[in-house]
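One chain, chain A, links the two complexes that follow: it is found with chain B in the first and with chain C in the second.
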Partner chain A sequence: MPEVFIDGTRYEYDEEKDEMLLQFILDQGLEVPFFCYHPSMSIPANCRQCMVKVGTPVKDQETGEYELDEDGERKIRWFPKFQTSCSTRLQDGMVVLTQESSKEVARAQKDNLEFILVNHPLDCPICDQAGECPLQIQTYKYGPEGSRFEVKKVHKPKHVDLGPRVTLDAERCINCTRCVRFTEEISETHQLTIVQRGDDNYPTTAPGEEFDDPYSLNTVDICPVGALTSTDFRFKARVWEMNQTPSIDITNGKGCNIDLWTRDNEVLRITPRQNEEVNDYWMPDEGREAYEQFNENRVDRPSIKLDGDNQSNTSWNNAIETFAEVLEANDPSDITIIGSPHASVEENYAFNKFFNLLGVRNAKFTPHVIPGAGDGFLITDDQAPNTNGCRVINLDEADDTSIQSNVAAAKVVIILSDDLVGREVLSTSDLDNPYTISLATNHSKTTKASDLVIPITCVAEHAASYVNIDGRIQRSYPAKETKYTNRRLNLEMSEGRLDRFGTNFDNWVSEENKVDCLPVWDFLNKLGDRLGLDFKYDHSREVFAELSSSIDELQGISYERMDEENGVQLPIEQKEVKA
Partner chain B sequence: MAQDWKSFEPLLIPDIPNLEKIDVYEENGGYDALKKILNDRDTWSRKSVIEEVKQANIRGRGGAGFNAGLKWSFMPDPDGGPRYLACNGDESEPGTFKDRKIFEFNPHLFIEGSLIASYAMTVDTIYVYIRGEYLSWVDMLQEAVDEAYERGYLGENILGTDVSIDMELTYGAGAYICGEETAMLESLEGKRGYPRTKPPFPAQNGLWGRPTTINNIETLANVPLVINNGADWYGDIGAEEHPGPVLYGISGHVNQPGVYEYPTGIPVLDLINDVAGGIRGGKDLKAIIPGGSSTPPLRADQLDGVTMNSDSLKDVGSMMGTAGLVVMDEDTDMVDVLWRIAHFYHHESCGQCTPCRDGTGWLEKVLKKIKDGEGEMKDLDLLLDVGNQMEGRTICALADAAVWPVRHTINRFRDEFEERCKKSVHAVA
Partner chain C sequence: MAELSFTQEELDEIERLKAKFPTAKAATLRVLWVAQQKYGHVEPEVQNLVAKTLDVPKSHVHGVASFYTQYYKEEKGKFVLDVCTCLSCQLCGGYEILHHLEEELGIEAGETTDDGMFTIQEVECLGACGYAPMLQVTNGVYVNNLTKEKVDTLLENLKNGNMPEFESMAMPELEKRNQAASK
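== the complex of A and B ==
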């Protein structure tokens, strides 16, 4: 195996991978500061921050043996200049000194940071990036203590709306060109470029053009300073006030891995979470805008239609009693249940199983596909996160007409979390005759047309799994509390800074913004109790455990395995999702 | 050689009226070198052309002074795909204005040279990148190129052989950085003029990822001389380690500024006093910049016996550069001069690399402060320190070029700078 020596330690490397020094250093868990380098994009080596000292051993030209000095050590020929480790290819026998072992290198990196800060406004106290800013972090670690710059800084455009979603503060920009390379190499819209020259440089669009790239907000994530900020999230919250919870994008079939950022039981923003099997570092802007549906327009407390079209909130007891009476009053063959590609595997399974126990026919579901909506990258024609999940647990896949005829023939229709009216599978009048019960997260045309609406938890409130269009099963975690959960007790919830370091006096647990809703299985437990059914799940973990023992494709899969492997590819053939 | 420069007959721009016309050029032996090669390809194989040019040791006239033939030999073997010669006529460094003389007075010599170079390297397309401000010179060269196409020196099957070479002219948009060879390639590709990281070098991965050689206009104009007269003849002209005729662009406080062709190795003081007619107004010489603004300036008292070739200039701590000599008389304010140079590099930094982008501006602003009488003594050391932090830490050499004048002007004229700081409003003993 070829070898390199980094700060005196020997490492072996794989020649096949053709890796650059910086990536190799990072892979070893070591650190060298950098800004412009990004593992998924080309290497411009323009920030010059990752400079290290590099040498190669001297070989005797005839024998090919390493030449040795008096002490029997290999003779090293040092490069006359510092090398940017991001653009330095590994070479057998290469000797590398980083800032850890070389004062020269540490000084060079400090010098470079001094230059970067010369024209940076240093407005961290009012900058959204503060707290998650590579420039801030690396300046603390490697930067100069003060500045010798006593003349005027360059002034550039501030708060420029580059497009509908991204705001630019050009003074903060350090010209790493990550955003430009993103639009060139990843989203391929070529919407951004650097304009001006020298220290007047900044990224922007062509004159009169908008930065309306469907992936534009990724540039905000990869911006190593606060130059590009999310117009929506700007000034909403400090990074350290929020909790970061891993989850899955539910706005389309790709199932991009995401993080939900919450404060006081509100999701404030969504950012992509790296998973090279699914979305690499990226996600579409559309998926980020979905955070509002976790906070706004939620079905809060059960509601019931009393007279005409007026719905009125009711108690859980009354809702359960009404639900049970409807079930008791009707023959199971007159009841149609409709599962949902928008709901998780566990919800669909528990939902279907519960009504199967009552003798109701298997649940149907209809895929939610808009042909041509996808782009072959991270936006799919499939508008739902769990179409394959419904197939794996053997719900009956139906087209719109078959759903319509089923509804027309039924006396009771129970719909799980799917706005069938909104997406024009059904019309409001289709639901006039049958008694319609919706289990829903948000108000929609379907809930409006329903006789009884049961509020259920959304992806941000429960642990559940989803199977994406490529057949990969991935899970979500509860990110915000409901009226009946508590972050102090819920071990699934991620810890924020206050969870970890707050005291009882910090008053960090908020009662605000809690939605009065239940996970589907939990509600069905209660309904089962009332009906005397043998149906009991304490947690979605139990639902999934049952699934993995009964369904071939899910064998050997558990939440733990999904956690460890960042999702698991199921042995299913990728079925075409058709309209 | 140094003494007999007075008897030297110009070779690059000989005193022949209308030499820019192809008829006149042909009458005076023009395109003979190309014919010589293409008509006798057994003697003049591609390899032997490169070998001859390498032997002649034409040092690149764009400033770096690299052996042109050696550079050509870096091109990989042809693989059937396109290969390019990119000719650098972007000269835009203060003090440098020589290539336009070739475009104006002897364009065919350059065209012939670039054709020989293209033949030697199996290049099929020549791009000529000309400084954007030289619009009329672009037209002049275009006329010559059109003539050469008409006579069959350019285009398909040149002189009836199977050699086909095209030449395309293009011009910059006013950025000094596009004279840096890889930035020029980017600009030719229609992109922002950002220098590329090396490796890969242009010979491997140049224009559109294809093998490319970049030569200065004047360098290529020397090539037909070598082919016509042989490497040994060429090597005898001027200084031994840096032979050949050079276009000296002399500007500043002299009586007759202009472009003069003489061999390398001519004494600097002869160049000023005899060639350029001495210092204006009979004043004393204070300093020179020998080869364009990036080369370190020299004090008058450093110039005794110094000749215009790389070794001699290196001995006194400067460089040949582009042989664009800037002459400054005794009344010159060196603080002002240095600020003006720093202003140029600040304005022309492309902004890609951190040290250059923010360093050049810092240097200029501190110099402005000193110039305006607000400097402090500590600023002088700060300038030197900032320079040290920039040098050698960027992708291209613009940062180095910005630092050298600052470092050497301050070191060589420190009294003047200190005096200015002492008089300043912030003066501290």
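== the complex of A and C ==
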């Protein structure tokens, strides 16, 4: 095995991988500061921050033996100047001194930071990036205590709307070109470039062009300073006030791995979470806008139509009683249940199982596909996160017309979390005749047309799994409390600073953002109690455990495995999602 | 502005330039130059024309054009007078020349006369310290060892459409060296 010595410690490396020094150092859990390097993009080595001292052993040209000095140590021929570790290829016998063992290197990195900070405004107190800013962190760790530059800083454009979603503050930019390389290499829209030169330069679009790349917000994530900020999230919250909870993007079939950032049970932003198998470091802008649907327009408390078309809120007891009476008054063969590719595997399974126990036919579902909407990268034609999940648990896949005829023939229609009217599978008049019950997260045309609406938890409020378009099963965690859950008692939920130290008497903690809703299985437990049905799941984990023991494709899969392996590929046939 | 386009002749020239480089992107500088020769500036519309002709991203052409001061990103006068005020010229009276020009033409550095004839720009070193103070006319010929009188003559000549001739300047040290070498 070829070897490399970093700060006096010997490491072996795999020559096949053709790795760069910086990546190797990072992989060992060591640290060298850097700004412009990004593992998924080309290496320009332009920030100069990752400088280290590098040397190679001297070999006798004839014998091929290492030459030794008086102490019997290998003679090292140092590179005449420091090397940027990001662009230095590993070599057998290479000796590396980082800032940890070389004062010279530490000094060089410090001076480089002083240089980078010459025109940086240091407006961290009002900067959105503060708290998650590589420049801030590394200046704190490796930077100078002060600056020797007493002259006026160069002023550049501030608050430039580069596009509909990204705002630029050119003064903060350190010209690492990560954003430019992103548009060139990853999204391939080539919309950004560095303009001007010297201390005047900053990234922008060509004149008259908009930065409307469907992946534009990724540049905000990879910006190592606060130069590119999200127009939507700007000035909304400090990062240290929020909780970060892993989850899954539910706006399309790809199932990008994401983090939900919440404060006081309000989802404030969504950022991608790295997963090489699915989305690498990226996600489409569309998926980030989904945070609004977790907070706003939620179905809060059950509601019921009493007179004509007016829905009014009602109690859970009344809702359960009404639901039960409807089920008792009708023959199971007159009831149609419709599952949803927008709901999780567990929800669909519990939903289907409950009504199967009553003798109702298997649930149908219809995929939500818009042909041509996808781009072959992270945006898919499939608009739902769990189409394959519905297939795995053997719901009946149906087209629009078959759903329509089923609804027309039924006396009771029960719809799980799918806006069938909004996406024009059904029309409002289709739901006039049958008694319609919706289990829904958000208000929609479908809930408006329903006679009884049961509020259920959304992906941000429950732990549940989703099978993406490639057949990979991944799961969410509860990020937002409902009226009936408590962060401090539910160890699955993350606790941020405000959650831990806030009290109900603080002005930053409120009850307002907790939605009055229940997980589907929890609601069905209660309905089952009323009907005297043998149906009880305490947690989605139990639903999934039952699934993995009964369905071949899910055998051996558990939440633990999904967590450890960042999702599990199911052995299912890759089939085209039908329109 | 009407739709811009290159003539067939210019397109042939561009093809010839492209052939010199491994990629079309590499020809950006030269083609921007062709465009500036034609229009006298490379305003965004012209940059877009270059991008379209070369089939490279608009942003790339914009980045390149904005890097070099020699590309005029806005319309300038017919004659652009780049007066050097860097160290050597400054010591030899570069600012006096600049201010004299400003007075004569009634404009400040960076501005263009109303008749669209002249633009004055204050520039950094043009690499002609031996001939200080000096100025350059429209990215072209250097006018060396300036005096106020010489500037007046230059303006008069330019108004009549006469570009100054290139003046070969004697460099005493260099001549000495050349002589020594030829012995």
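To be clear about the criterion, the second predicted complex is superposed on the first by the 565 of 579 C-alpha atoms of A that agree within 3 Å, B and C clash if a C-alpha of one lies under 4 Å from a C-alpha of the other, contacts with A are read in each partner's own complex, and residues count from 1 in each chain.
Rule of thumb we're sticking to: a residue touches a chain if its C-beta (ideal position, glycine included) is under 8 Å from a C-beta of that chain, and two chains touch if they have at least 3 such contacts.
Predicted model only: the values in this text are computed from it and were never measured.
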Aligned on chain A, chain B and chain C: do they clash or fit?
clash
Could you look at A:F149 and tell me whether it touches chain B, chain C, both or neither (first, second, both, neither)?
first
Given the touch rule stated above, what does A:D199 touch, chain B (first), chain C (second), both, or neither?
first
Quick check for you: in the superposed arrangement, does A:N112 touch first (chain B), second (chain C), both or neither?
first
In the superposed arrangement, which partner chain does A:S87 touch: chain B (first), chain C (second), both, or neither?
first
A:G532 in the overlay: touching chain B, chain C, both, or neither? Say first, second, both or neither.
neither
Now for A:N46: first (chain B), second (chain C), both, or neither, which partner does it touch?
first
With the two structures laid over each other on chain A, which partner does A:G372 touch: chain B (first), chain C (second), both, or neither?
neither
Between chain B (first) and chain C (second), which, if any, makes contact with A:N175: first, second, both or neither?
first
Between chain B and chain C, more residues of chain A are touched by B
Superposed model, chain C vs chain B, clash-positive stretch out of 45-53, 99-107, 153-161 or 171-179 is 171-179
Contacts on chain A seen with chain B and repeated with chain C across the two complexes
193-194, 196-197
For a test of understanding, state which residues of chain A touch chain B in their complex under the given definition.
43-49, 51, 80-82, 84, 87, 108, 111-112, 114-116, 118-119, 148-149, 151-152, 154, 174-175, 193-194, 196-201
Over in the complex, which chain B residues touch chain A? Could you list them?
175, 177, 192, 194, 197, 346-355, 357-362, 365-366, 368-369, 382, 389-390, 392-395
Mind pulling up the chain A residues that touch chain C in the complex?
183, 190-197, 205-209
Listed in rising order, the residues of chain C that touch chain A in the complex are 44, 47-48, 51, 57-63, 66-67
